[in-house]
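After this come two complexes, each holding subunit A, first together with subunit B and then together with subunit C.
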Partner chain A sequence: MSQSYNRGTVEDFGRWREFTAGMWAWIFHKFTGWVLVGYLFTHIAVLSTSVGVDPASAQAGSDLYTSTLSGLESLLIVRFLEVGLLAVAVFHILNGIRLLMVDLGVGLESQDKSFYASLLLTGAIVVASVPTFLGGKLV
Partner chain B sequence: MAQHYSSFDRGGRRWLFQRLTAVFLIGVLAFHFMLLHFVNHASDITFLGTQARMSQVSYFATMWLFLVTATFHGVNGVYNALVNQGLTGSQKNAVKYMLGIAGLLLVVQGTRVSLAMTTLV
Partner chain C sequence: MSTQIEQQETETEADEETEPEVESPGDRRRAQRDERQAQEQAQREVEEETLDDEDTITLKVFRYDPEVEGKQEPRFDDFRVPFHKGMTILDALIYARDHYDSSLTFRHSCRQAVCGSDALFVNGRQRLGCKTQISELEDPVRIEPLPHQEVVKDLVVDMEHFYDQMEAVEPYFDADETPDDKLEEQRQTRENREKVKMSTRCIWCGACMSSCNIAAGDNEYLGPAAINKAYRFAMDEREGENRKQERLRIIEQEHGVWRCQTQFSCTEVCPKDIPLTEHIQELKREAVKNNLKFW
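For the complex of A and B:
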């Protein structure tokens, strides 16, 4: 007979000390998903500055879209937020690949190890990307 | 026997579409980040540069599909997360329609933005 485990529900966050790797993966995936969907709405709002751009000011580089993006990029806090966004996106992608594998029944026995691997790889990619994100002109 | 535990209804199509859009988004999100942060630095982006990229049919189509699939994946994901938290009955229906309308508005505005960035139309 197969063994059954009652780990309780992951929504009961008060017992977080008892959570297993898979439960943490679930929580991180939800959290990063919330951040990404929030960013998607914000991103389209910012890019809406491209609607009705005057061709002459676009040629001169003084249009609202260009000045809004370069204005945001000139703020150091925005560069750090971009690094945070990269971390969130990379983890969601890597853990998403892990979830697809789990759904296909591939590597189920190592689903905890693949979660730790997703975390480590996210950390490595983000650290390696910091110079790129903080580089470029910063007023 | 292990208990069935899922964010989705049994037999529903939302689970399948969430997975199918995920496969597409894995590639496109990574490509989007690479192109607009590593190949072209975000601080160097100008309207004319954006217009040049968005005026290629394949790039325009990829970005528009990115908008539609990301909106579906995000809004469907939020809905399922809320259902996980125990949302039921009329509240569940209200949230479903609100998220559906928000998603639709995002796609409409995103399409306006895409068209404003291209010389294709």
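For the complex of A and C:
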């Protein structure tokens, strides 16, 4: 044979019609992992630039740290992002436990069920958290 | 239907070719061929029209052939095939090839899920053609060659890399000590046989390797089938400690078991229901136990 047809990466991905539970779990785990890494750096950047060392204004509640955080909390989008962050973190933790089980060789036959369970549990925890995150008054 | 269009094109091309006044033997042969093709086409149309709409299925089959001018650009051809109870993907393909297009190319041999020749990408998933019931699938059935392997022609992919990976784990029984009497059997305990039983079922069809997207991105990765083969021999107690250490060295290299990210794709698609991920995970633990020293 003189040639063969090499299907490119994009076409390869487009071919997939049926993702199974384990594959979705892997994709979500990667995605949530990257989101958490991104959040970690944002978190460090925001907090490290808003540390004030003036005791007097801290007493009065008007120092840089307090005003930065209450400023962020007053934005509706930030409230929603917090819910999203919780969802991402909870799923990553639960699926992490699932992966630990898989690595230990425990219950590999029910790996798809444990994935669905971690999705459901994530959903339940996130729904339960909504009043806490969105309930407070937007200042 | 795409085949019809293609054949009409060749007809018009051939008409232009036959225009010169002096008819050469080649022209005559081409004219004959065109006539025959037209007849076959007509016959096929008649045959397809007489098929009852109720019990037919439509196959959308990937076509590609670098050596034929009209097929260098990959395309999908439709085939309407009469359905009967118990029909498999392979049966349908054989029908399409025998009745409609003899150039339709695919590998098959035993037709009973033993030879592992006809792993195909059917409706977005790796399946064994001879083991997949058409009644389980949605119409139209989309049949493509295995992803992540180069297509040689139509549904035939180049399996060379897969075989290389299989050979890389030295897939043969090789005991440290063989009995003095050459006729003496090397017996295995029942428990040990049970342990490797599922792993011995591999038919080298390549479905798992094709479904694994780690293997797709890393050509050096041994892949599920090869690791499963390594498992079969590493877990065989008759081989002895030295051989097992050698086998573990192959398994625990950078592109060995550690590349597996437990997506379970291979386990899902394996037509012989081998718990591939479980075996890979067990070898990972074996490798850790082998290297971890607390003193």
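Some points to look at:
One rule holds for everything that comes next: the second predicted complex is superposed on the first by the 120 of 139 C-alpha atoms of A that agree within 3 Å, B and C clash if a C-alpha of one lies under 4 Å from a C-alpha of the other, contacts with A are read in each partner's own complex, and residues count from 1 in each chain.
We take it that a residue touches a chain if its C-beta (ideal position, glycine included) is under 8 Å from a C-beta of that chain, and two chains touch if they have at least 3 such contacts.
Everything numeric in this text was worked out from a predicted model, so none of it was measured.
Comparing subunit C and subunit B on the residues of subunit A they touch gives the larger count to B. When the two complexes are overlaid on their common chain A, residue A:103 makes contact with subunit B and with subunit C alike. When both complexes are overlaid on chain A, the residue A:21 reaches subunit C alone and has no touch with subunit B. 2, 4-5, 99, 103 are the residues of subunit A that lie in the contact sets of both subunit B and subunit C, per the superposition on chain A. By the touch criterion stated above, subunit B contacts subunit A in their complex at residues 1-3, 19, 22-23, 25-26, 29-30, 33, 37-38, 41-48, 50-51, 67, 70-71, 74-75, 77-78, 81, 84-86, 102, 106, 109-110, 112-113, 116-117. Listing the residues of subunit C that touch subunit A in their complex gives 64, 66-67, 74, 121, 123-125, 144, 147-148, 150-153, 158, 216, 261-265, 267-268, 275, 277-278, 281-282, 284-285.
Interface residues of subunit A facing subunit C in the complex, by the touch rule stated above, are 1-7, 12, 15-18, 20-23, 25-26, 99, 102-105, 108-109, 111-112.
Listing the residues of subunit A that touch subunit B in their complex gives 2, 4-5, 11, 30, 33-34, 36-37, 40-41, 44, 47-48, 50-53, 58-59, 61, 63, 65-66, 69-70, 73-74, 82, 86, 89, 93, 96-97, 99-100, 103, 129, 132-133, 135-138.
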